[in-house]
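Take a look at the structures listed below.
Presented sequentially are two complexes of subunit A, the first with subunit B as partner and the second with subunit C.
What follows is the complex of A and B.
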């Protein structure tokens, strides 16, 4: 341990620690900065985080200094205020100040620093400013405005140190220095939108989010990406029932500060045309929209055999469902004596892993399903249960899209009831389709491939007549004369912790970084390939 | 009992005051009231130039340049809106009556422009904050139009073209 004195107050930190971080911890807020980022190597180019150190004659940038025991640091002297203001003046000298048309406005480091440390009269006329490339698409998803750049080199450090794809660089010198992609290259790696998050100003903006919504109108809901088994932490930015963008939320245990583009853009699916907004029943001319009462009446008639007795039920779970939904389905199946087929067809949703974050398993909760005792199913299990005396109940599983055998087998069942979010291939084959809330619209848990349980939070409300899958399961239970007694996912989580082994870690609550669950020793069936290494820190 | 239909005497008389016999009969009071009305009527008939009311709508009131009337959107030289859809007006608006959809603009000197710009005139409280907030002097409330009438609620939600065509001559279009 080392002791440093920051603005007259003693603070304990590690010897050799980065001085910028030590001061941030001591003061509770960071020094002004553009280039410093905890996950990138120190560049020391923006010169904003200058501090006075006792015994050193000139101001020193804190991000490139190390803590030494007994160090006395001053951050709020007149001299430092003057230095920071002068440096900021340099940064803004040729800045176009086009905040009205800039998407970064509202979350811009230049705006914040100017209000906190600047407030001087501009010394260059707008007419005298140097002009550079504006509105230049440098990749499928990223727009460059070189005039707004402060040359902090975060984007170039990201592409050279994290993705190691080296698309970006700083070209020319002095006033004419600007960032750009290397000649003949485009910024097209699967992590390109991280450069937009990293950019402290409006030089790099997202073409996906471009001009959609002003950032101060967005509400932020912490959640978890549903794109693959890595479970990157993210923030869902939404407003008035529409999701506008997803951004990574730092979690050094899972995704560091990053997230892949594929995962970020998944939110478009929430608002797709084929989103199931009302219950549907099969009719000769195609799916017909009905209200919930009529849909349940149809389920009731499917469940009743010609002789009047109740038919058997077989259920299919999904690695896209939350832990609570899977637990509800398990209890539902046990309660009515239904056959549990499993959670997916083996290999059906395996993609390719990369060496940064993306996992080969493109489902967010396969580990959770496995821990709840669900196994993967092959075509055989589906065939074994197929009979004209059995109704198939499917929860959030689009297996028909992956396996044509499954399609043929479905007609052998007395009826197919699907709880889903979209009018997908499986939903097309359903006798009754019931709209349920998606991962972005409900609270719940996903367990990532390393056994970390992470919380989702409801961001937007979802389609008006969609219901939470656990509520639908409780209502289906009532149709069969079973009262399960849960009303919401929270009740199911309490029940899960109380009744099932291996979920004890959730009992004490769960924080923003998730909870690592106990290792399950029984070695339940999990796919031959258990995904990639994941974790990019 | 600060206000009373009984007039000053009754007030000074307190709760127990009674009307005099003539007042209680009312007829005399009605005639006196009619006399005041007739006096004003006859005076105004012969002195119409000093009458304090206006022959509205044939005659229009004069107002100063500070009047905050119906909004208008300013144009560039080429006739397109000056507005860059920065949403400052929609952000500051206390009545939440402005809704703007932004679009990418293809012109080299214009990066962003409003695809749609709607003001709900029924919601507007005419505070003028949008005019203050605008960084481009794209919205003004100097048209002098203060009337607000239409035959449906939807007609009060005015669009970009309507606002661009408003001018300062005070004529309600």
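What follows is the complex of A and C.
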């Protein structure tokens, strides 16, 4: 422990800690800066975070200083205010000041810092600003405007130190220095959009997002990426029912400050043409749109055998469903005595892992399903359960997309009811399709491959007719004369914590970085899931 | 100063002085033999430290002390990099050593490497000195052939590899960490400090960067001892220093002078510059290379050439690039030449330097072209205050120091360029917006 004095107030921190971080903690806000980033090596080039340290004659940059016990730091003196103003003045000298047409406006560090620390009488009167590349696509997803660049070198440090792909560099010298991709290269790695997040100004903008929505109209909802088992924390930026972009949310335990491009572009699926917006029932000419009452009536008729007795039910879970949805499905199956088949087709939804974030498992909640006692592979059991006396109920699982025999397998059942988000391959084979809310539209939990439970929060409302899967399961239970008594995912989480082993860590609440669940051995989980009755104890 | 020993320039005028034969015939490599057979590295370092030898590249930091910063027994290699990236305007003394006495530099580099326990030495020569690269390489080859370099030097068991490296021609690579980056194959940009190169330098190993002239003084110190070296120069600035004298003097050139010599003697002395060219009066002098503050004629005639005396006058000894300025010179134009240089050479990392050097260049250029604005001198001063002491390296300061001192000391020359008539305070529309709308 070390004590430092920041602007007259004593503050405790670690000896040797980065001074920028220590001051940020002490003051509750960061010093002005462009180049400093906690996950990148210090560049020390923007020169904005100057502070006075007692006993040191010149101002020093906090980002490259370390805390020493007893250090007295001043950040708000006239001298520092003057220095910061002047350095801002330099940053803006050749900047085009084109905020009205710049997509960064509203989340631009130059704008913010001018309003916080600048507000000086402009003395900029160069006769012609230096002109550099504008509107230059440097990769499939990234657009460069070199004139707006403040040469903080975050993007170049990211591509050389984090992805180690080295596409970008700073070329030329002095005030002709500019960022660009190396000759013959494009910024095409799977993490390219992180350079856009890192860019403090409008030099690098996302070709996916630019000009779609001014950022001050966006609402920000903390969530978790559904792209793979890593569970990168992200913020969903949305407005009036539309998701416009996803950005990584820092979590040093999971994704540091980054996420992959693939993951952050998944949101497009939410608004795809094939999104299931209303219940559908199979008809000769293809799926026919119906209302919920008619859909449930159709489910009822599927469940009723010719002799009037109720048919058996078998359920398929999903590694795309939330913990609450999976728990509800388990309760539902146990409650009506349904067979529990599993959540994944053998070998499906696996890809290549990279050495940064992407997991080989391209599902977000396989670990959650495993911990809830669901058996993983469904193929064999799907075959075993197939009979004209059984109705198959599928939750958020498009396994048919991975199995060419899907048609044959499913047609052996008395009926297929799918709770899903899209008109996908499995939905095409359904007798009844019920539209449910996606990961972006509901609260819930995903458990990543390391056993960390992380919260999703509903951002947009989802299609008007779509219902939460747990609500649909409760309603289906009612059709079968079974009252489950839950109305929302929160009730299921409470039930889970109260009744199932291994989820106690959730009892005290869960913060934005998630919570690590107790270790559950494979043996225990497999033991719990075997057969058609166990939903774990 | 006939009694001043020629420590650095003894052979500059000898025929074939660059050859090993001539160097040896003048007692060359005896210091190396002495060090390897009679002394140990610590002893060499102590001798240089007590001699008070200071870095001759510009900063004047005590060399022996700098060597002492190298951590021992880290398991890492230690490197000596000889900085021959001489690029400061007005400075051309290292090239004399490289051209006329390369073996002096080589022997000094071997001794310096020995003193810091280094077995790897690089000679980094600026790209524009292309022919000197060949010259030095030939001398290095001779030294290898004679067993002064390589394995087991002179049977002592000490090994040293020496590699001559040609830079690509950037002033900033003369800054020691810029040099290290350049030598590593990176862009020549100074590194943020700490860590300092003595601890984390070339290839992340302990590294000492010494100027050519600094290492060239080491053989004499080893041969004659620290006490003898201290007999020359002043108490705090012992020894001799090469000055490259340029400008309208009768005899410009490179002179070895004992530190503490009056600057007046360097310019007017019979042994040195021999006075101003006919019809030209002394107006000013930049004593230590273009980066240091300028002196007026009066100050020039009242200062000695040592670190402390020059500091008292608010300037620096720097690299010893003594630029004499006559009364025929146009001060704003001279400043513009310097600013164009710093603008061109700024590496562009730190914002104040990247933008400031260019802006200063533009402002002074605009003044000269008659397009100045009434408050330009105040604006220039304001820029300088945002540039000085706020960057990774001192290139920014190097642009500020001449700018401030030129304008402060020769303000009338600059004021003469300001527009005579007052500019309108602000734009006052003479036509109302409504009228404009009707047109």
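By definition in this document, the second predicted complex is superposed on the first by the 518 of 537 C-alpha atoms of A that agree within 3 Å, B and C clash if a C-alpha of one lies under 4 Å from a C-alpha of the other, contacts with A are read in each partner's own complex, and residues count from 1 in each chain.
One rule holds for everything that comes next: contacts are C-beta pairs under 8 Å (C-beta built on N, C-alpha and C of every residue); 3 or more make two chains touch, one makes a residue touch a chain.
Note that the coordinates shown come from a computational prediction; the quantities given were computed from them, not determined experimentally.
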Clash or fit (per the criteria above) of subunit B with subunit C on subunit A: fit
First (subunit B), second (subunit C), both or neither touched by A:271: neither
Which of subunit B and subunit C A:211 touches, first, second, both or neither: first
Which of subunit B and subunit C A:134 touches, first, second, both or neither: first
A:3 touches, of subunit B and subunit C: first, second, both or neither? neither
Touching partner for A:176 - first (subunit B), second (subunit C), both, neither: second
Greater subunit A contact set [subunit C / subunit B]: C
Subunit B versus subunit C as contact partner of A:98, first or second or both or neither: first
Lowest C-alpha to C-alpha distance for subunit C against subunit B (Å): 7
Complex interface listing, subunit A residues touching subunit B: 98-101, 105, 134-135, 210-212, 214, 216-217
Complex contacts: residues of subunit B adjacent to subunit A: 84-88, 91, 102-104, 111-112, 135-136
Sites on subunit A touched by subunit C in the complex: 42-47, 50, 58-59, 64, 82-83, 86-87, 89-91, 93-94, 123, 125-127, 130, 150-151, 153, 170, 172-177
Subunit C - residues contacting subunit A, complex: 170, 187, 192, 194, 343-352, 354-359, 362, 366, 373, 379, 382-383, 385-386, 389-392
